[in-house]
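You will see subunit A twice below: alongside subunit B first, and alongside subunit C after that.
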Partner chain A sequence: MLELASLTAGYDRRDPVFRDVSLTIAPGEAVGLLGPSGCGKSTLARVATLLHRPDAGRVTVDGHPVRGWRHRAPRELRTAIGVVFQQPRLSADPRLRLRDLIAEPLRATGRRAEAAGRVAELAHRVGLTDDLLSRRPHEVSDGQLQRACLARALVLRPRWLVCDEMTAMLDASTTAALVAAVEEYRREHGAGLLAVGHDRVLLDRWCDRTVHWASLTGAPAPAPAAEADATAGAGV
Partner chain B sequence: MAEPAWRSPGDTRRSTRAVRVSVSAVIVAAVVLAVLLVPPLVRLDQQAVDLALKLRPPSPAHPFGTDDVGRDLLLRCVYGLRVSLLVGLVAALVATVIGTAVGAAAAAFGGWADRLLMRLVDTFSSVPHLLLGIFVVAMFRPGVWPVIVSVALTHWLSTARIVRSEVLSLRSRPYVDAAIAGGASRWRVTVRHLLPAVLPQAGLAAVLMVPHAMWHESALSFLGLGLPAHQASLGNLVQTARGSLLAGDWWPTLFPGLFLIVPTLAIAGLAGAWRERLNPRRRSELML
Partner chain C sequence: MTPVLSVRDLSVRFRMRGGRHVAAVGGVDFDLAAGECLALVGESGCGKSVLASALLGLLPGNAQTAGTAVLTGPGDGPGAGVDLLAADERTLARTVRGRRVGLVPQSPAAHLTPVRTVRAQLEEALRELTGTPRAELRAAAVAAAGRASFPAGLLDHHPHELSGGQAQRAATALALVGNAPLLLADEPTTGLDRDLVERTVDELRRHADEGRALLLITHDLAAAERIADRVAVMYAGRIVETAAADRFFGAAGPRHPYARGLLAALPERDFTPVPGMPPELGALPEGCAFAARCDRRTDACRVLPRLTDGVACHHAAPDGAAPAGVGSAGVGPAGVGSAGVGPSGTAPEDAAPADAVPDDIAAEETTRA
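And then the complex of A and B:
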């Protein structure tokens, strides 16, 4: 279980981005989280991946309550959750070749020996050729870079995957390829998924259930605006 | 008319910059060749005293003239530049290593470690650094190493500040988040992702510091606190020339002075061009 219980988080204690948000994901379950931009979805994703300390509330990963965040979280908990961000340009170290980008978590956790094999396997899975693997981020397209970022998220075989607007900047065929790669991984490893986005059609097709941000907070939903945003996203 | 009659200010700026860069590059190359090749190739003794030839003005035999004990000034200047350049390079390198380490550590660890290290930087900065440098050289016997230590220990502060602010802004990048989620330790993130990103800035700071360090060496030697008097350094040469200047002998002051000013300006010019490439928004200024 990935349990997010009555979380309050933000970047200013006096004015949090959201208050009292709860969401529970069962093992192997895929949950889509819909919401208008600026509502705090990404902040919630950062809390769920132990990258941002909430002001209040509890996060429990497979029964282990989380007590530290970022580097203070135990490595086993951090690596149990894979994360893919919205902007591949910003989430890839510009100095690393894609091959090293994907292998970096293995090296960081002392499993250097597996790197070559895992990189080849994952590159095939996300659709990256050998030529692309030896390029640096500025030499590939956003879609290719996002494929590498997904491979990096999967390389440690996480039990949970958090995709924060993973496909928001990508074209339809890359979106389909990435979603297919995530689903293939989840079938094999039974991993749970939190997919954050604003594209209702995509999330409805991808996930077991789709929740709207407004239903998590208990606050009255700004329904018409949120609905318009969601349909606008779906129409593209 | 084939050529447009006007040139934009940008064109003019770019072409003067190109001239400045090539002139600087030629000077720096000449200086490096001179200090590396002259001592082994020209087997003349820079310490050779010939009192019969003391204080001769420039002549074909001694293009820069001779000093107050008849030593050839051109040779003394080259040897002096060699020592000053060595002191400047080593001191700038050591200062950059210290500054980068302190700045990166402060930013990477944050919290009380950051506050402690930055208060240390503030404390050092609050003392004029020539005074601090004098204090350090005064603790040792005169020589090259005390001067290097003194200049290095007083010049890492700005690098520490630059590196710290750079690392702080990098630390919040999503790729650092991704590394943390991938199980990277604090050390791993710093060494693998943060330090390589600040190295160009630190390298630039090091080059910009070379002229500054050379000036400091000269200042210490001029005050009689740096290198021992017999060892040619640009500061020593200017210092010993002081007396003869009043007697109207201009060459023992002019040539070492030029040897100090021209190469340091050339190094600063090259570093300025490098900085414009790294950070094109900022106009170059000489940081001496």
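And then the complex of A and C:
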């Protein structure tokens, strides 16, 4: 379970972006989080990926309560969660070739030896050719770079995946290709997903259930039935 | 009626190091009339933005253009228009940009001057473009903001104090100041949420309805469907299909396999991607650029298909066939006109060397020096 309980977070303690937000994702479940721009959904995604310390509330990952954030989070928790951001240009080191970009999490966790095999496997999964892998970010399109960013998020085989507006910059075909790659990974590894976005049609098609931001605040109760997709096997 | 913009056989290529060339745009033809919205759709890197830059004379020095893009104003007689590709920088700067072509930019946050208020920028544009006397500038700026639904109360804000939607309206207000007959919107909705996308494109549509010609360059098919009269699909630098929007998005659907694939990829349809990725613009195949990804590929595809009856494909779906993912049948021929597209032309041959490369072309370049 990925449990976000009664979270208050923001960038100014006196004026948090949101208060008392709760969301629970069951193992293997795909949850879409819908909301208008500026509502705080990306901040929630940052908290869920342990990249931003909330002012109040609890985050529990597979039964482990989170006590440290960013570099203070224990490695086994950090590596359990993969993240893909909206803007690939801002989330890729411009100096790294795509091959090294994808392998970076392996290097950072002392598993360099696995890099060659994992990168080849993931490149195939996200549709990157060998030629593209040897290029740097400025030499590829947004869609190609986002494919590499998704591969990077999957390289440590996370149990949880957070996609924050992963496809907002992309055309329809690339969007469908990336979502298909995420779903293939989830089928094989049973990973849970939090997909943040503003496209209801996309999230409804992609996720087991879609919750609206407005339904998360204030009430620690489950999302209203109207927001939940009946196909979800897991509880709220 | 004379079209506002008439593009014939427009090609753009970039000279790269080592004498290689990148063919970013090839053989593009279209007409655009007053009050009409043409949506140019396609994947990122397909040449859409290069086409927009060519129409504004904003290509870098190593670009070589061919063909014509004639802009005819309401007061011009036949043959009196300006060829945007042949005009010199002085003509473009003094009579075209802002005055005859208004640009609604992709990233308003980057387009607006960060250190000046919206009011200061509007007043400057009014003074330069319309010659409004100093005493009337303040009222004129408020009126100009109002035309783009920019709230008057935010006029004294700097760009960083605006939300994405507000910044987009400020940029649109600036684009409208010169009362240009042609509006060029280059990915105006990237990164905006759905409500804001709809509000932004609806406002663009309103400006078209007031008698402007609108060229909407976008990868957002939903936005195109919402406001476009016609759709042109671009693939690897060429227009592969043009169709009336109601036909393209309706039961008849597009005829080119790529356009059908792009529509089928939408989450409300099949949600299956077009297999593979677009070719490199620096190494385009001899024949049809889409053949490598196409399930209808035959030997005929080794020859570049010409745009005939609005579609450039040797194996186009017949007029009126139902596209994949819609599942309706028995639709008769849509009877769309020629959609203002002439026959496709030949490749560019002239040359003029220089250095810089625009970002989206550089993005397609290989590391090989």
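The working rule: the second predicted complex is superposed on the first by the 217 of 236 C-alpha atoms of A that agree within 3 Å, B and C clash if a C-alpha of one lies under 4 Å from a C-alpha of the other, contacts with A are read in each partner's own complex, and residues count from 1 in each chain.
Please note the rule applied: a contact is a pair of C-beta atoms (placed from the backbone, for glycine too) under 8 Å apart; a residue touches a chain by one contact, two chains touch by 3 or more.
Please read all numbers here as calculations on a predicted model, not as lab measurements.
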Between subunit B and subunit C, positioned on subunit A by superposition, is the outcome a clash or a fit? fit
The chain contacting more residues of subunit A, comparing subunit B with subunit C, is C
Under the stated touch criterion, which partner chain does A:T210 make contact with: subunit B (first), subunit C (second), both, or neither? neither
First (subunit B), second (subunit C), both or neither: which does A:S42 touch? neither
Just checking: does A:D199 make contact with subunit B only, subunit C only, both, or neither of them? Give me first, second, both or neither. second
Nearest-approach distance, in Å, of subunit C Cα atoms to those of subunit B in the combined model: 11
Can you check the complex and tell me which residues of subunit A touch subunit B? 46, 49-51, 70-71, 75, 78-79, 81-83, 85, 87, 90-93, 95, 104-105, 108-109, 149, 152-153, 155-156
Applying the document's contact rule, which stretches of subunit C touch subunit A when the two form their complex? 42-45, 163-165, 190-196, 219, 221, 261-263, 265-268, 271-274, 276-277, 359-360, 362-367
Of all residues in subunit A, which touch subunit C in the complex? 36-38, 86, 127, 129, 131, 134-136, 138-144, 168-177, 179-180, 198-202, 204-206
Residue ranges of subunit B touching subunit A (in the complex, touch as defined): 173-175, 177-186, 188-189, 192-193, 196-197
